[in-house]
């Protein structure tokens, strides 16, 4: 078995109706013919940097060391916003510098991480547009990095990548108060409350989860724990507290979404 | 040319908005770096095991011997439902044991087939969730099988995989009565009536096809045989009798869907 | 590093709900195991040959020399319409002969191009349907070509591939009059007016762009140049004049689409 080529993941809001993802792949494979390309998601809601940042953070750790991650959700394309390369914990990210790496920078404690501003325009496609840097800037940069170019070649190190503010979890000994931070295509409402915090409260007795007008009296162990159409709270695949409706779309039916407050309260004293 | 790596197909209801398919691919490529991944479909309607089972049966035979097929439509994730591995006719399937293999088990007569229950949790990701066995159980298992692990390693043989009941075709010398079993993204209504049965009736004279209030007086040889907006009956790419509307969505316009009765009747004595 | 296998792109209107793209890939990989497959787009609106032809033309040049391009948007499947192979500028196209290559034939001046009619049915799958030539005809042909078969093997040369009429640009010294020829998934309205023609007019002074009732007084350099919800005209990633709405769907909000007239007028004498 020969060593497989470098692995590059792609995350965009480009959808699948147009050729935008396809031409990026053509550019990458022209510059790094043995790259292996893996789609993470291309139906991030248009210009929704926050959802893309969440997904990127919850994805990269499942890929092998040495993987490169191209993420392009880029409402500021053509403005002065920078492009950047981040090297962290054996992974390399190539993105616009618009907050897409917020969660990764907040939670990954690698002291040897490096960030670079993409400024070397000799790396770009020869005709660089103002409207499609995914193709003209980020695809050639990630391809050249995959083919072995040193990250220093893209431009100078930077110390201040853009981060947006993340809703903070509020904890007391009896309560957790967080926010819905992501809605998946099933309509599941994913919060910023980590599994471990919920489990600590739940261990000590009964809990009530409140989202809008809905009160949920316990944590379910599976989606089938509720009746058809029933609301449930569960630790989800993101390892977060999630509110779901069995065989239904919780976001639509409960009329909740990103930003909604969610609260966990200890309702009995416990054993 | 070196031998290409093992081929793994993926069929889910995970959609393309989230990172669910992407993280499964990351897990697979971490454990079997030279795997080649091919998407079959990820927009199966949520929790629609029957449609996924139909697609899986109509897909695997087009792939080479030795292909592994990962199919995850899994409303029972986190419950006691088993996971399973099926080896049949040179193909290996890794799925929840919930009926996804119903059609394959019903029609593939391989006497040497083997089914195994996935029970060896040392094969799973180290933190196994209750909500995403596609990532935590099925992806690592299919990757390890692709990398050469013997199927016996997943767990004991089983003899009774779950099958759901399939609508049966009713035949007389003059009639065929079946059901719509799949609706594709064009809105074409695919029945369980095989091409050969229709052709036998049609050879002997004229036939009438009835679906709801719609009567179709002959079998078309192409979609263009009808006028724009016209209803037609045709042998489709699944090798089944199908009702379509030229350049239109038959399911919506005729208000028919999965489960609708479809009838073929010999209307003249023939030559 | 071994030489990577042949690159094959896929462009269809098959969507991602069904197994249609997946089975084509199975057929290709059965006949050319080391092929590398890249999806261009599969959500071309059903039967929309014109949009697919536009995308194909705007895509292939980003792929390396030697790439094969499979494009199947095929309302005439099962009729007498031919299949064809086009070799042009180091790229090979395999498509129904229904106009999909119109733009490429119109703008690519390669004098050594060759077109062939696909007639050798020994190359097809053994059971060839009337409804799915993507799987039964085009996938095996592109796979065999990728594996080294000479294009002459598919059938005789032809001189008259089908082309549909393309809206022509009308130019005067003061005006450009074109049409919207494509709408992308963001709702951006892409015209047939090339960047260079707009830039010539704009260099000389101010311009006004008119689309329906909307007048736009200048060319923007980025999508962020407009306020949220503001209409703007921009040179897009297709290198064409495009009308967009910042963070909105221009096609829906302006109620314009393919075929809409768009006009650029010089409004001042310039310096």
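In this document, chain identifiers A, B and C correspond to the written order of the chains, with residue numbering beginning at 1 in each.
By definition in this document, a residue touches a chain if its C-beta (ideal position, glycine included) is under 8 Å from a C-beta of that chain, and two chains touch if they have at least 3 such contacts.
In this text the structure is predicted, and so the values were computed from the model without any measurement.
J.: Which chains are in contact with both chain A and chain C?
T.: B
J.: Shared numbers divided by all numbers used: is that above or below half for chain B and chain C, i.e. same or different?
T.: Shared-number fraction below one half, so different.
J.: Give me the rotation angle that lays the C-alpha atoms of chain A onto its copy chain B, rounded to the nearest 5 degrees.
T.: It is a rotation of 120 degrees, to the nearest 5.
J.: Roughly how far is chain B from chain C, going centre to centre by Cα mean, in whole Å?
T.: Using C-alpha averages as centres, the distance is 31 Å.
J.: Residue numbers in chain A touching 2 or more other chains?
T.: Expected reply: 2, 16.
J.: If we count contacts the way the header does, which residues on chain A are in touch with chain B in the complex?
T.: Counting only chain A, the residues touching chain B are 1-2, 4, 7, 9, 11, 16, 36, 38-45, 55, 58-59, 62-64, 67, 184-186, 221-225, 234-237, 239, 242, 247.
J.: Can you name the residues of chain A that touch chain C in the complex?
T.: Touching chain C from chain A are residues 2, 5, 14-23, 25-27, 29-30, 33-34, 37, 46-47, 75-79, 127, 129-132, 135.
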